[in-house]
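Presented below are the structures under discussion, each in the form of structure tokens.
Each of the next two complexes has chain A plus one more chain, namely chain B in the first and chain C in the second.
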Partner chain A sequence: MDDTLERPTSISKPVDLVDDGEDEQSSGEEDQGPDWTKIPSVSTARPFIPKRGEKDFEPTAAGGSGLQRHVLDRSRHAMLEALSAPRTISSKSVSYAVWYPDIARAHVTMSRGIHFTNMGHSVARTTSVEDSKKFAKRLELLPEETLYLVERGAMLCWKASDLVLTDAPGLDDIDGVPMTVQHAFAEMIGTADLTLEQYQVFAYLKRLGYVVTRTKPPNPEYPVPSLIEPPKKRRVLSCFGRVLQLVQWPLQLLLGLVSRFDWWRPIRLSCLQISDTRSLFRSLRFLPGGHDVPLHVKVSPRVTSPYEIFYNVYKPSTPFKKTAPPPPDYSVVVVNARTTPMPTLTELAALFGALPELPPPLPRKRQSFAQHKADATAPPPASTSQTTHPPSSLVQRLFPWAFPSRASPEPVRNANPFLSLKTGKKMVVIAAVDAGMTSFFRFGEGVFTEWPMA
Partner chain B sequence: MARRIPLRVSNNKAYVWDIDDIAALRADHHICGVLIGTLPHLSQQNVFLGVPLLLMPEEVVLLVDKHLAVLVDDPTAHRHPSVDALRHWNAERAAAAKHQIGAAETKEASEKAAKLSMSEEAIRKRREREERRAAAARAKALAEGEDGNAPEASGSGSRAAPSAPFEQRPSTPSAQATPAYTITLPGSSSDLQWYSSEGCTYESVADAQAAGIWTYPADLHERAKCRVFRDLWEKGNFMGGGVKFGGDFLVYPGDPMRYHSHFVATVIDSPVSTIKPMEIVAHGRLGTATKKAHLFCGWDDEKQEVSYFSIEWAGFG
Partner chain C sequence: MSLITPSQNQQGGPKKGGARRAENNRLYGHSLPITFEKSHSWTSHILGLFGVSGTRMLNPHCTGIFDPHSRSVWVIDSKDAMIMWRRGFFGKGDLSRSEPSWRTRQISAGRAAAGKHMTAEEIREKRRAERKQFKLDRAAAIAQAAAEAEAAFTEGREAKSSVVIPSGATWRPQQLVTEESPSLSPIPDEERTVEFDEDSVPDLEHLQLTLQEAFFLAWSLDCLTIIDPTTSESMSLKQIWTAFQQIHGSTYIPGVVSEIYANRFDSPFMVNYAAYHYYRSLGWIIKGGIKFCVDLLLYKRGPVFHHAEFAIVIIPVYEDPEDQETSPFDLANSQPFSWTWLSTVNRVNSQVQKTLILTYVTIPARSRVSQELLSSPACLAHYSVREVVLRRFIPARMRD
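Up next, the complex of A and B:
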């Protein structure tokens, strides 16, 4: 903010900034329910997303004043009006699928629209037609994908039926029993490990435009991101630690002391440089710390934890290829807020153990819009000074430890560590659903050991 | 109340699918539930959601105990349709499509004549408009001082884009062998011939529990929540879920659509359970920050009554 005051420009503040401020204010008041009177009627050509409305403190005695009752009735009427809008779609853009309850998948017989660019996967199924087994690939949807398309009004789903429909008169172009949205809800939730909570999170994110896939492939053909290689260092260390634990604890302590602490040179020469406090502290550290060290917690015989990553979520802007999905932008765990307690340390450790490390967050730019534009248009500052180093002397090259390292510009420059500590190196999103209301929480693995406070 | 509202139960969750039922629950019984479905015509947002209405388990227990609603085993209520029923359904569908196509054709025929005379002039005007727009875009790009290439590219782009609809125009009438019509996808099952709640309707929670379609309330805590919910509801309050405010329920003086809640309620199972001072501080702080008072609702299972204590930040000093 001060920067903008120091450098006055003729360009006014961009409008988005003002808008953002307003949004923050209104989203803070979650109690502010949607105002159904502001909802655009069905006939409006271009739908827009209306804002939440104002509310009164309480009704006056005897059931509210006349005005209050009038406004309430209007709101209720608007809500019911909006709710009763039918799911209509042009016959040219509707998709069709057949739901097979025995395998909990829907076979898409007619796919139209952009939904199928990031939903559905192809599976080879044997279909026995007239005693000859056919092996054909077909597009299949998971229950949540099917349900989402059905309730969105983009697809009509048939339920596979035993009735012979093909030769019955008056039943052409019917592939089974037509499923209403209600039928689909009753039938599809509870199949293929899908709970209502998980479906709600799926639909919530899909409505916002995210691409959502399952983390654990429900069947072998389901495309998953090519294995995120777990951080190697960690693997080795933890194995090493486990072996040591098995041998004996005192031995481990001794080993740790010996390997970490050089008694003859408690403070290494290179650390005499006061500027390098980081390595100084590292050499002073007796006990191993940080997330690389395995937990000394007795894990009870593995009861399946509710804290398992269920969805991979991609931002709408991430280029997504259905057959070869990239590593996810977010990993989402879905829990039932009524029955699930906070994650335990072991559960969190298990979650983070499966996640990749994120790059450190970019320092927040305190730049005005005008400055930003000026920077973009101006030629980049001469970068020659960074690439050419003064030739190092022979002594320096022979004894590099005696000199402060100049070549490696450490990110110590990021003076304020709080953003990094807050963001953490790994991140998981936990969606807690309580009877239809979803709250998303972000759990980050803070790395305090890597940020000396002195 | 003559009619009991059918609550469709599947997977231990109770839904309401009919708009009239949702209206009746709200206006007559002060039960709001949560809408969880996608609104078909506003499908890319989460502020306004549509059917189904999902009820909190406490709401379900209350409605059934008060004989205001019945539980219907929804998966069972969807029967296997007979071929006749399917044929009937398909005939209706075909008739609707035919009706629409017929209506569209007559409308088109009447409009065609008017259109034909208009079209020549319209096309000319459109072309002029596009050229003007392209020129403006070019001028703008030049003014912004971009590379020489950019305006050219954008110019050709803007010209290419409008030309596409031109080419498509004549093709649409030719594709009218099977004209487009609007399909209405069915939402609620109540109108289906093969939907029948006969034989799978339960009038009490115990019956539904015995049938294995409903489990709530299963333990003391859940029972306490049901009774606290019921007690507050009987006092004339509207109740909502309190998960976003760190409590079990929100207590509203009127319809949540129009009024703010006054209390965040937390249910305490028994009068002898301990409350840590930190909880009081946290609840007091949180409630005050959201302009609500926190309400501790203690359930006494022996006396079968609820006692209430509200906490607010006193604000001295």
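Up next, the complex of A and C:
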């Protein structure tokens, strides 16, 4: 019903289309308020949020001028007018639910609209109706889903109660008392592990069109993505490579016995294996680095970390099936920025340990704005060719100096390693909420070890 | 020291892109002081038959003097300094921002004063003055337009502004034309040819290497000899190793080390060296990043080729929290960060198109690793370096 409210934000901004990588981090026009004067006058009962425009009022040294005051007053008047329009919903499009505080779920008694294609899950509950136990499936909402729908006026919520309100016309089948938005907030925040920060992040992402689900199922019936196998380190080795390795292994072992690594002379420059700058750099890499190195940090086991993935987030374009959700596009952790410090290395390692490896980033195509526009209308290309980076063997990674330059052929390189370096192999999004202001950061597991510059 | 050739400035303005790039590639082609040369002797041909490439390695063997007070190693000889700078961008001139170019700048300034050229600094100052003038002009035009609109408003008529607000693309300085006109018409017989005496400019600058750079050059590459300032004799690697670790104690008195600073895995030198060696060995060029609230900046090939891509914050992580409690060092960034700090640093770096990297260096626990290892660089094998890439995530722009 009120989807029209969101229309302006869903218009893609042409600026972003041209180059979304470079200024991805700048906030740009997001911080500006709406231009209320662009709102058509109050005659429309249904308000809509307009596009943003120029700033009307700039302070001057001489103080405000008559013209500026006039423009500002007009703007302000328009805003108040727009806000004073009564917000109405049609009884034909509103959904109904009953909130059960004891289980912290809302039972949807009447579902209308598209919201339920990606919200709510069905649970079998025993209900005692007329002294006979009935086992029936019903649609239930988590507190954040209930709050979101109530807040945006898409659903009316009752609180389950023994009081029978028979005098309410047409609502004979609902047992309970109606809840206001305020009542719903007071009642639902804090239930089912939901903090206010988590709700704020949920609502923000939902308003942008994302599908948001819980990562940890709050009850067994809650659908979660089928478990992704932790990626195994597959060694892609050709036949020749295998043979070479078989020969090399005892040879290196022998070499290692004969000449132990001398820590006072880490590089034997007279060594025949060092024949150019690249092999010199390779032999310099003898200190442990990268995320595969075991972490020996002691952590006291009693303290539970606030850094747990809370939401699975799906892009609006991802096909989403409620009963069988796909693997998430983003994993989001929500913390209170005032009380929680940044994650420690152990907390980050735990987060990365739970996440799958990302596919290698697609090379960004440089193209003109006009071309981009043409592409947007045309169907997307079926597949993009890309070069993958074959992982070097474990032995080679551990003892890079021990391998002659000929034996380890240079991996096929992506044209631009910077994309991989800037993305990382695994990614987690952390939302730090500071009293309602949310900063999202993405933490990527660095792959510098795999992309040497020389 | 003529690292920047004075002739570059004399020809007026920088060279065209391609030529300069080729020149830079030639000058700064090596990323390490050690270079390789193809040898053409018959032995190399025979070795080549067996798959061993016949190249000869050239080690420049430079010399530096340890200066404990500035915690650096000074390369005084200008030839050595040039090698250090051109091959891998090690160090910094003490009178320059990066490349030790003080003498060159003095010479070009002298030549400019003798002839009628402008030095790079003067050109920059002129450009800044012009830019300032443009901003003043634009502000005046905007104010005028506003005043006109205001007048029109009070009279109650539609505002039609005649004021043209200058834009950066079209604005030209007016006074420039009058200034340049005499120089545009060359008068050959008036041209003064006063030779500037280059020898009158003494070479006062030296290259200073950080302790990390110096140890990397001396230990890993064996191309730097470090001289002890008191004895004037070359230091052994073991002496360098202990001296560099101990220098981070409160005050440096040679030979006297206060007990609490000795034999610790969390010596600032070691933590920084682990990170430095890690990125150097991966082929990155490393410079200091204090300008951008970070510890290091990573360049792909060097500052003359590209801007730095990555900004590195070194975060020491104690394997054993007890070691941190008993530590005499108050290591920077070892305490948990606030989100405010992170936002601040990330803001600064995204503003300058750099990606922020949190580099975690783990410090081995004293309970796990024997302290005897500290007597040699063997202990470095127990540190580990891993990085986390940080970027802002803007949900409104990540929808597809």
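Heads up, the rule we're going with is that the second predicted complex is superposed on the first by the 250 of 454 C-alpha atoms of A that agree within 3 Å, B and C clash if a C-alpha of one lies under 4 Å from a C-alpha of the other, contacts with A are read in each partner's own complex, and residues count from 1 in each chain.
To be clear about the criterion, a contact is a pair of C-beta atoms (placed from the backbone, for glycine too) under 8 Å apart; a residue touches a chain by one contact, two chains touch by 3 or more.
Please read all numbers here as calculations on a predicted model, not as lab measurements.
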### Message
With both complexes superposed on chain A, which partner does A:V123 reach: first (chain B), second (chain C), both or neither?
### Response
neither
### Message
Is A:G209 touching anything from chain B or chain C once the two structures are fitted on A? First, second, both or neither.
### Response
both
#### Entry: First, second, both or neither for A:D434, with chain B first and chain C second
both
### Message
On the A-aligned overlay, A:A354 touches which partner chain: chain B = first, chain C = second, or both, or neither?
### Response
neither
### Query
Which partner does A:R442 reach: the first (chain B), the second (chain C), both, or neither?
second
### First, second, both or neither for A:H70, with chain B first and chain C second
second
### Task
Considering only the touch criterion stated at the top, classify A:P341 as touching first (chain B), second (chain C), both, or neither.
second
### Query
Does the superposition put A:I103 against chain B (first), chain C (second), both, or neither?
neither
### Query
Looking at the overlay, does A:L287 come into contact with chain B only (first), chain C only (second), both, or neither?
second
### Task
Check chain A for residues that touch chain B in one structure and chain C in the other, and list them.
30, 204, 208-209, 337, 432, 434, 439
### Task
Over in the complex, which chain A residues touch chain C? Could you list them?
9, 16, 20, 22, 24-27, 30, 60, 65-67, 70, 204-205, 208-210, 263-267, 269, 272, 274-277, 280-281, 284-291, 293, 295-298, 315-317, 330, 337, 340-342, 344-345, 348, 406, 418, 421-424, 429, 432, 434, 439-446, 448-449, 451-454
### Task
Would you pull the chain B residues touching chain A in the complex into a rising list?
8, 10-11, 13, 15, 17, 19, 22-23, 26-27, 33-48, 50-52, 54-57, 74-75, 78, 80-81, 83, 86-87, 89-91, 97, 180-189, 192, 194, 241, 243-245, 250, 253-262, 290
### Query
Where on chain C is chain A touching in the complex?
30-32, 34-36, 51-53, 55, 57, 59, 143, 146, 149-150, 153-154, 159, 219-222, 237-238, 274, 277-284, 300-301, 309-310, 315, 317-321, 336-343, 346, 350-351, 353, 355, 357, 360, 362, 364-365, 368, 376-378, 380-381, 383-400
### Footprint of chain B on chain A - complex, ascending
30-31, 33-36, 39-40, 42, 47, 49-52, 55-59, 64, 68, 71-72, 75-76, 79-80, 82-92, 94, 148, 150-153, 155-156, 161, 163, 165, 168-171, 173-174, 177-178, 180-183, 185-187, 189-190, 195-196, 200, 203-204, 207-209, 337, 432, 434-437, 439
